[in-house]
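Both complexes shown next keep chain A, but they swap its partner, so chain B is in the first and chain C is in the second.
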Partner chain A sequence: MNKIIALAGVVLKELYRRKDFYVLFVLTALLTVAAGAVNFFHDDKIIRYVKDICLLLIWVSALVIAIVTTARQIPAEREARTIFPLLAKPVSRGQVIAGKFLGCWLATGVALVVFYFFFAIITGSHEHIWPWALYFQALWLQWFMLAIVIALVVLGSIYFAAPSSTSTISFIAVVGLLGLGSHLRTIALQQPEPMQFILTLIYFCMPHLEWFDLRDFVVYDQSLVPWLDVALATIYAAIWTGIFLLLAWLGFRRKNLTT
Partner chain B sequence: MKISPLLTLTALLALAFALATSLASRADGWSQRTKSNNVFGMMFGDGRKLFANHFFTMADVYFHSGYYPSIFDKNAGEQKEIISASHGKKETEEDEKNEDFLGKPKDWIDAFGRRFRITQHMHLESGNEREMLPWLRLAADLDPQKIETYTVGAFFLREHLGRTNEAEAFLREGLRNNPDSCEILFELGRLYHESSHDPDRARNVWELGVKKFLRLKPEEQKEGKIVIDELLVNLARLEDEAGNFEQAINWFHAAQKVSPNPDALQLQIDAIQKKLAASRPAPSPK
Partner chain C sequence: MSAIVQTQKLRVEYRSHELRQATKVALHGLDLEVRAGEVFGFLGPNGAGKTTTMNVLLGFVPPTGGTASLFGIDVRQPIARQRIGYLPELTYYYKFLTAEELLRFYAKIFGLARAEADKRIANLLKLVELESAATRPIKSYSKGMQQRVGLAQSLINNPDLLILDEPTSGLDPLGRMKVREIIQRLKNEGKTVFFASHELGEVETVCDRVAIVHQGELKAVGTVADISTGHANLEQAFLKIVGFQPQPLP
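On to the complex of A and B.
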């Protein structure tokens, strides 16, 4: 476990040395503040659109950080040939996968906390209410959704040739899962056989990332999601993360690192 | 022969400058986009209308507090509720049932997924209607010819937020962009009648609306039956309130020709005729 934590620590340090996070955070902050500064019909109590825009930017930024950071981890180690001294420590290939995953996941977690803190300050200064529990649920579920995404990208980085292709394919897959996830069954039911069967099969077999999106609850000031459901969704995320990491380990175990 | 890079650069700059002076006047005629009087028109051209529709839909999504059908759901193509609300339509139980686009959960994944999405149908109220305004403002900026944006925005500003001046300014802006719009004139008349309590201005605006309607082409008149019905009925009621019973009856008769429910209007005509008869002095006995 110490080796996994040490590997994760390196990834965390990499995040704050690189400029990705700072650029995305500044961009999010600037766009949110600019949106909030616009006056519509001389009414300064309007806030929901600012929340909506800010949360959308947080989601996009978090996805970019998670996917881009993860996609380059193993290919960079291979390209710089630092993977060999690492494996000679000795660190097993499974520990490399786990360490890289944990590092990326913790790094996105730190980024999310900063983003949500900014969000709470901006909205709280307008509304003078602080629904911390709802913010915590939104952050928690988003973080666990990102665990699935990071594990998926780790898996992709084992099989795809370059970090750029891994990032692009992962983005398309994640956006597709988020956008179509809840509607795929409805679409399937409108299709003739065998398309109906194929789409239904995909619907039941894919990870449902859309469950982890509580933006509407925050924007429209809804009550909390039952904690039991949050716990069940967390377990669901942990299972999918485990599946992807296991597949990544199986692929990485047999991977020839010299080519 | 060697040419100095500095000389080349100077020659290129001079050429660019000379071309710019001759092309500037011609370039003005190349695209209508640069002539647009708002920044969105300049950036997106006619494509901005797509965004305008999206932002208008966003206003409707906000009105429903996020409970809204996607393009895959059965109610996706229905009329926006903010439009019917701005026409004074109250929601019935039947409407409420029809708006349950989710139906029963299709499977356990759907059932569990609903815990993480808004499944309760409710509308903005108690001043929270203001949250729709940014989307309506953006929709108006992106497509100044989209008339519903002005009428809906002005209705909520006036009726729910008590902001009559802003509502009037928004409608006036809409009228500048769409000088022949009967819908905007109707909404402006409502504002003068219901909020400013100025029946004379309301009458003038509604009568102008009727004149504009009569100038439309026959096919446009067919599409605008709802607005002419509203204009005529409201004019009739205004004259009734003002005690001009004969004029009120005339407007109701005109409204009967376009109304989907002429019998209901006949009842109102009968009631006014009774009032008219009562107001006339009884003939003196000989």
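On to the complex of A and C.
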């Protein structure tokens, strides 16, 4: 485990030294200003609309950070050839994958905490409500959804050598999963056989990222999601993350890496 | 003496991704044995199979056939690399880290305790004369300094076997001398050194035994004196073994 943590530490160091986090803070500041501006209108609908926009920005930003950061990890190691002195040490390829995953996941976790903290402070100071438990649930589920996304991108980065192609394909895949997830079952039921069967099969076999989206709960100040459901969603995310990481390891473990 | 590095009938094939191209055989059943405490030179012209052999020993490329082991452990097991140090030909290190951070990272990978790591890092930075630049990012280093970081990282675990790929390539005379000094020091400490090189003069100076590979096959192995017998020097013997025919200049 120490090796995985050491590898994750290098990912985090690279991230803040490449100044990605400064960009994040600027973005957070912009979000804060946007959320703060809603006080001028004193209109519930506008407040909710702006909160919705802020949360959408948080989602998009977190996805961008997760995908772009992860996509460059293993391809950049291969391109810069830093993978060779690393693999010449007593570290397995599985540990490299796990370390990269952990580093990227922790980095997105830090980003999410900052985003949600600013969001909570600003909206709370105007609305005088502090639904911390709901914010925690929203953050937790989004973080675990990002675990699936990061594992998927790690898998892609084993097969697509360039970070740009991995990022692009991953974005399309994630947007597709988010967009299709909630509608595919409805579409399937309107189709004749055998299309209905095929679409239903896809619906049950794909990871449902949209299940982790609690934005409407936050925007409309709804009650908490039952904690059992949160726990089940966490397990669901862990299973999909494990599947993608396993596939990434299977692809990477016998890959020829020539100096 | 026991074998530290051993390959038996080692075969490596690279499959071409293009349909009409045949599979390329990089190693044809290579049998190699490096004994404990010796400095072993691994020679061959470009494309002979030296790098492929090293890639297999370091676990970068899985063998297609045969076996390869380090300290009697199959090279596919990460633990086989616990007691080795590796210095690549060029500097492949995380340039956003400082030399100290890089060494600390590799120390963690080797599972060194913090106090032990601190001591080794300080000693190694002194050895490669990078103490004053230890807290600067590697990207700000000159090429020679980066090579010295490489040397330091290859020794972080106090290895029993040092694998060097063209260790003096691109180094200035002072850097070359430093590498030779370190090889000599390791030899005196009873460590094993396995290195690939094109610098035959250097090989002659430091090696106990050498192996010459050509077209993926082992052509000769023995002491420098054995291989040079009947030739003016190792270079002449090497050229004869790899079948080089000097052509008159036009």
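Everything that follows uses one rule, which is that the second predicted complex is superposed on the first by the 240 of 259 C-alpha atoms of A that agree within 3 Å, B and C clash if a C-alpha of one lies under 4 Å from a C-alpha of the other, contacts with A are read in each partner's own complex, and residues count from 1 in each chain.
The working rule: a contact is a pair of C-beta atoms (placed from the backbone, for glycine too) under 8 Å apart; a residue touches a chain by one contact, two chains touch by 3 or more.
All figures in this text were calculated on a predicted structure; none of them were measured in a lab.
In the superposed model, A:Leu27 lies in contact with neither chain B nor chain C.
In the overlay built on the shared chain, the residue A:Ile202 is in contact with neither chain B nor chain C. Using the contact criterion defined above for the overlaid structures, shared-chain residue A:Ser92 touches chain C, although it does not reach chain B. Within the superposed three-chain model, A:Ile46 lies in touch with chain B and out of touch with chain C [touch as defined at top].
Judged by the touch definition given at the top, the superposed model places A:Leu232 against chain B, while chain C stays out of reach. No residue of chain A lies in contact with both chain B in one complex and chain C in the other.
Contact residues on chain A toward chain C in their complex (touch as defined above): 2-3, 5-7, 9-10, 13-14, 17-18, 80-92, 95, 254, 256-259.
By the touch rule above, chain C contacts chain A in their complex via residues 14, 51-52, 54-55, 58-62, 78-82, 84, 86, 88-90, 92-97, 101, 105-106, 108-111, 137, 150, 153, 163, 165. By the touch criterion stated above, chain B contacts chain A in their complex at residues 62, 65-66, 70, 72-73, 106-107, 109-110, 112-113, 115-118, 127, 130-131, 133-135, 137, 157, 161, 163, 166, 170. The residues of chain A lying in touch with chain B in their complex are 38, 40-43, 45-49, 141, 181-183, 185-187, 189, 203-204, 208, 210-214, 216-217, 219-220, 222, 225-226, 229, 232-233.
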